[in-house]
Every structure is written in structure tokens, then in C-alpha cells.
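These notes open a run of structures that come right after.
Note that chain A is present in both complexes that follow, paired respectively with chain B and with chain C.
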Partner chain A sequence: MAERLRADLVLEYPFTRTTGPVIGAFLTGLREGIILGIRRPDGTVLCPPTEYDPETSEPLTELVEVGPQGELESWTWVDPPRSQSPWDQPHGLGLIRLDGADTPMIHGLLVDHPGELFSGMRVVAQWRSERGGHIADLEGFSPQESPGTGQ
Partner chain B sequence: MSADPSVPPAALSGEVRMPEKLADVEPVRSVRTPIRLEYDFVPGEASAGYLNAFADRKILGQRSPVDGAVLVPPRGVDPRHGAATPEYVELPDTGHVGGFCVTRLPIPGRDDLEIPYVSAWIHLDGADIGFLGLVAGIATSEVRMGMRVRAVWKPDEQLGRTAENILYWAPTGEPDIPVTAAGTNAWHAKQAAKEQG
Partner chain C sequence: MRDIAVVSVAQHQQKALTDTTEVELMVPLINRARGAVGLTQDDIGFTCSGSSDFLAGQAFSFVHTLDAVGAVPPISESHVEMDGAWALYEAWVKLQIGGVDIALVYSYGKSSPGSLRDVLSTQLDPYYLGPLWPDAFSLAALQARLMLESGTVSEQRLAEIAVRSLNGAADNPLAVRSSAGATIDSVLAEAPIADPLRPSDCAASADGGAAVVLAAGDRARELCERPAWIKGIDHRIDPHQPGVRDLTRAPSARKAAAQAGAGDDRLDAAELAAPFSTQEHILEVELGLGPHTPVNASGGALAGHTMMAAGLMRIADAAQQIHDGRADRVLSHAASGLYLQQNLVCVMEGE
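So, the complex of A and B:
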């Protein structure tokens, strides 16, 4: 029997996609250093915003500012980092419910050690100095008490 | 929610309300979201047989046990009928262009291809479906459906167990086959003739 064949294959697409008004608004906010959620008819706020109400399918249109502080609902420590992780060092990922929002969003946690993380802790958004309308305009979230946050 | 399908939903019609401090900024309308998947490909029995044969400059297909259609590349199964296709058929390296596309824009990841280039469905003599290949050795404007082609292989010392052994398909100079008999038209014509007895 012939030697088993195998090959390393790569599938890659450099998509540029149009955002639509709601996701576009969220990304516009990020570029301007503001996090936006969207209000549902019952008054609760989804962040990140969705175009439709997840229960009634009604279109949602009212964008509201949330954060930049919030509460870490849950988290995980990524070690070792995956090849496509945003950082090449072990790092935290968290579900962050921003003040004014009723749902959490996922993002990176700017701490050096998992011992610094606990569910319910207060965190604050850290922005990159150069922003272009992308989720990575947010560098991540750091403990609110930590020095240098200016909060 | 409007039941009239001609009315776009509000969320997609641009009617969103922004906080005042963002009212006058230029909105983001697009975002780059590249995706990348790296994976190991391990061929199954039919694909491995096909690739191994390439090292000997052979092209293998498989015959459908249902209607005799010769399928290339072999996949171990006739997908139309869900029938296993254990019988291999050795095919020649000649055929015709069943259909083609002239690409004039560079494709990311294929910097090795000089534009414009022609990719085509190559229908091998004796095969009932086409498989993809490059057509070269002719001006792109001269490529046509029904044009007879032959494989241009890599030199012997560079042959491997890969379909990349075929550099491209070049015109043989033989007369074209009629468009009505080119590509999958040939199969349909054959089936029609069979029905008429």
C-alpha cells in the first residue's frame, strides 16, 4: 500500500463587508471612542447592538451610549494562545456587561495573570490611540481600580 | 413589522437614531473581516488513488454503476445516486474545453498566476463530467467552448503525487467539437440518443 498522503491546505478570504446602519453605527462609535448599544421596545439595551429584536424580530433603531465601565460576568484564561488570538501571550477573554446594557459582549482582558480576574469585578474599556471603525479599536478591558485608567 | 416584501425592514433602510454626539460624524459603512483556515488534507481511498496515479502521468476516473457515467476526479461515489463507484477508468490526457472563464483581476493567494488567465472545465475524452484546469499556450481571446486540448505535464523528474503535475492545457490544433456537443451537452446528447434507441 502506498504511503498515506497528506497536505497542509490554507483557505483564506480577505472579505470586506458592508455593515448596514446598525453594525455601522456600532463601529462608528468605536472609531469615536464610544460604545453603543441598541434599545429594545421593553427598554432593555443590547450591546453589541443587533438589527432585530432577538425575541420579536422587530427592527431595532435606537442606539444609546453604554459603558465605558462595566462588570465582568464571566471569563476564561487562554493559555497557550491560539495562532489567531489577538495576543501572542496567555491572556483573558471575558463577557463584559457594560453599564447601561443588559447583555454582555466578549472582549479581551488586559491583565497579566488569571489570579487578577473574578466574576463581578469592575472593568473599564481601554482604547487604542489609532482607531478605524473595528472591534479592535477597543484594546480590551482592564480592572477599573488599576492605575493608569484615569477612571 | 411590514408584511409588504417590497418595503425594506427599518433596520436595513438606514433609519437609525444615533446619540447626539455622533450625529454629525461620517458613518462607518464597511469593515474588513478576513478569514483564514489552516487544515490538514488527508485524501480518502478514491482521491489517494487519483493522486498516486498522477505520479505516473495517469488520470483516473471512476465509472458509475448506475448509468455508466465516467466521473473525474473520482470521489468513491456517484453523488447523483449515492452509489459506490469501485471501478476505476484510466483516462487520456486529451479532451476539450467545456466552459471557461477569463480572470482579469488578481486573486489573493494566487500571485503565481499571471493575469489575464483562463480557467476552464476540461472534459477529457471518455469522461462525462469536466474538471478544472488552466488553459494556456493561446491568447485568452482565442479560447472557445469545444476547443480541443492536451495536458502539458511537468518534466518527469518533477512529477509528484499531485494534480499540479499538469501545468496547463494547451490547444492541440484539431478542429473544435461543436458547441452543442461540448461540455455537459455531450452527456445530455448521449442520454437523448439512448432514449431514442
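So, the complex of A and C:
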């Protein structure tokens, strides 16, 4: 009887992408521990930055540093944490408008209990010590003042 | 412009199609949609489908489902990686171009093998949001809190929308979540699933599919006693990054409705494919639906949300009301992406 042929199958997407002058700059900034936004012609700042103006589609080029503090615009509580997310503990998820930016970004909120979260609270970025130019270089945001106020 | 109508519909939906493949699901549905108007595949000039490889877990998965159509001898065919409402739009354009008088449109989704709220993270941008794997309920909760705290909507109103779906679905065999006895108090008493959203605010995910036959002009009149004529159909999109949008609104839905002529006359029914009560509220406002227009009378997408088919099912539901003579002018809606990023509006009328 003929021997059955066998071969390993590795499912992969063997492509690399360049992240370009805007997203690339943002991710490189994260590696360096700074957060970049981008200025629109009307003077307002988008963070995270986009390559094109969301309304006029004009190319945007003027990167500006924002944060690392900001204000929480909205939040929810994630429990249990999602299995593929960077977080392995229950955590908040928030819309965070960084100081110097006019639009919010979505990221994790590092508190132990949802009772510590409220819209309008001040938060500050927490960095991982090992960073590689990835959105998860930011561990998340934690309360800037002592938690438990403003409830 | 050619007159084009929905002349036949068939749909199926249940909590989980455990032992049924997508092909096995679609064979009877496609046969029903074609057979009800006496057609075989030989009569169909163009076939267009919608589905998602991310749900099937396989590239070009739609090719398998073509077996349900009968693709030999070769047929003129296309596919969109979108809700079937967009496949219907492509078929409508094809019929407008001419040379083809009848089109078959179908779509399906089987999300039960995985966790849809997590799989949906794959539609997010791959740099800023996707790597954080925020689930669909948590993302919707951010929008819900913005709406509640800005006064865009009240908890009471969200509960009314949830109750409307639960009660309306009680007589709908295709709904997977219903409760004739649900009240605003019972919904408000539910513990949040993604604070401030309650389980009844979030669409009950389902497996299923829909098949629709479109026909042009006199062919439509021959095939169907009361065709649902497409008087306007349009789809628009808002920017992808959620931060640059006002999440309490959906400008693309408003624009699509205006382009489709939704406000030109009274509407006897509206079928909206919103996966959250918050988004159903936004749509009612953006589409200009008044108290005289029943919305999602049979429960809508909240009562059963088949990813990739929820929008085509709303078109099928609305067209059926024209076919049956229950309505003269109806609006149906489909959505795609995060926070109602993309919206399609289809207005149909009977003669």
C-alpha cells in the first residue's frame, strides 16, 4: 500500500506593510514615549493622527506632541477582559481626549473598579518599559489625581 | 432610469445552525426565492452575494456557497464582502446598465461558531484600534454613555426601543429573542452587559440567510402581482476613525435617506438594521422617521442579527409588506462598520 503523503500547512499572511509618514511617526513616537497628533488647516489637532483630513481629504503633515495627560470623555468596564486584548485583568475602556488634541482616542483604563471612573476625570498615560512602536506600548491610562474623587 | 423591483424573497434565521453548512442553508432559500416566481437559474442574468470570510474562517469562502446556486454552465456572478444589502445595490446597478432583466441576490452569516463581539474587532483599523481587540459591546457602550450624558437619548427611550423589539418579535418565527411580556421596567431591571448597555440593548446574534429576486420593468409585473418597486437606493460612508466623528450622530444615514427620497412622502413602515438600541435611536432621528411610521414592527435586527444578512433581511421584510398589500411605501436600511459608519437606505413602493 502506498504511503500517505503528509505536509505541514502553516496559515500565514507573509506580507509586510510600511506604516507611512503619519501612522509611522505616531508609532515611532510611542516607542520613544511620546504621543503625536496632527494639525488640521483649521488649527484643531487630531489624535490619533490621520494622513488625510476627515472632512476635506487634504493631506495633513504637521505633527504635534500631545498629552500625556488628558480627559476621559466616555468609558465602560470590560470584565472579563477579552482574550486577545493586551489586558489580562478587568479594566476600563475609554474615549480619552489628550491635552493639546481636539479628538479622543480609544484605549484602556487602568483602575481596579468601575466605581473609580467618571466622564470628565483627568487621566495620564502609563507606558510599558519595553516598547516596540505599537499601540500597546501604552499600557493604558490611569487617574491623574488620587482615585475615588468625583463620585 | 429603469424601474426595478423586488419580486420575491426568502429568509431563514435561528440561534445557531449547528449541523448545517452555509451551502445547506442557502440551497432551500435560493430555491424558494426563485421557485416562488417560477424561475430557474437559467432565467437569472446576474447573481450577486454577500458574506464574510472572517466568519467562515476561510479565504474565498463564498465560492463554496455558489454550489447552492448552480454555477454550471457558467453564470455571471459577483460577491461583496459586505451585508447582502450592498450585493442588492450592485445588482440594482447591473440591472440599470441593461442587458439583464432578472438578478438573484443572497447573503448569509454563521457567527455562532465564534464570539461575534470579538470577531468584529477585525473590522477595526490595524494600527490604532485593532491591536487592542476592543469588543463590539464595549465600543458601543462608549457611544451609549456619550449619548446618555449629552442628553441625546434617555435610558427610558432606550428601554422603549428594546421593548418594542421584544414585544414585536413575539409573533415573528424568525426572531431569536422575544418576550410578549417585556416592559420598560423589566428591561431597566437588567444588569448591564457593557455598562451602560443592557442585554436587551444589544442585538441577539443569529445565524441565517436571505435570498431576493430583482426584476426590471414588465418582467417584474409578469412575475409578481404587486412588485416592490425600488424608488430610491443610496449608500454613504463616514470617516473610519471614531474620534473624528460625532458618535451621537450618523450623517451618512441622513445623506443616504435624502438621496433615496425617504422624506418625499409618508412611510408606512421602516425596517432598520441597527445592532444596538442606541443606534436604532440615532437612525430614527437621522432618517426623519415620525411617530406615524412603525419601526421594526416584527422585532428588527435587535431580535435577531445575522451578520452579513441583517440588512438584506430588512429589505426582504419591507418588500414583503408591499407584496402582501400591508404597506404602500416602505423604507429599509442596512449598516456596516463601527458606530453606523456606513449606511444604505432603500425606499420601495407598490403600485
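What we mean here is this: the second predicted complex is superposed on the first by the 129 of 151 C-alpha atoms of A that agree within 3 Å, B and C clash if a C-alpha of one lies under 4 Å from a C-alpha of the other, contacts with A are read in each partner's own complex, and residues count from 1 in each chain.
The rule is short, and it goes like this: a contact is a pair of C-beta atoms (placed from the backbone, for glycine too) under 8 Å apart; a residue touches a chain by one contact, two chains touch by 3 or more.
Remember, predicted model here, so these are calculated numbers, not experimental data.
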Larger contact residue set on chain A - chain B or chain C: B
First (chain B), second (chain C), both or neither touched by A:82: second
Which superposed partner A:127 touches (first chain B, second chain C, both, neither): neither
Touching partner for A:27 - first (chain B), second (chain C), both, neither: both
First, second, both or neither for A:114, with chain B first and chain C second: second
First (chain B), second (chain C), both or neither touched by A:58: first
Which superposed partner A:19 touches (first chain B, second chain C, both, neither): both
Doubly contacted chain A residues - partners chain C and chain B: 19, 23, 27, 83-84, 134
Chain B-facing residues of chain A, complex: 2, 4-25, 27-29, 31-32, 34, 36, 51-52, 57-65, 83-84, 133-134
Complex contacts: residues of chain C adjacent to chain A: 118, 121, 127-129, 131-135, 138-139, 141-143, 145-146, 149, 194-197, 239, 241-245
Touching residues on chain A, where the partner in the complex is chain C: 19, 23, 26-27, 46-48, 50, 54, 73-78, 82-86, 93-95, 103-108, 114, 119, 134-136
Chain B - residues contacting chain A, complex: 1, 9-19, 21-22, 25-43, 48, 51-52, 108-109, 161
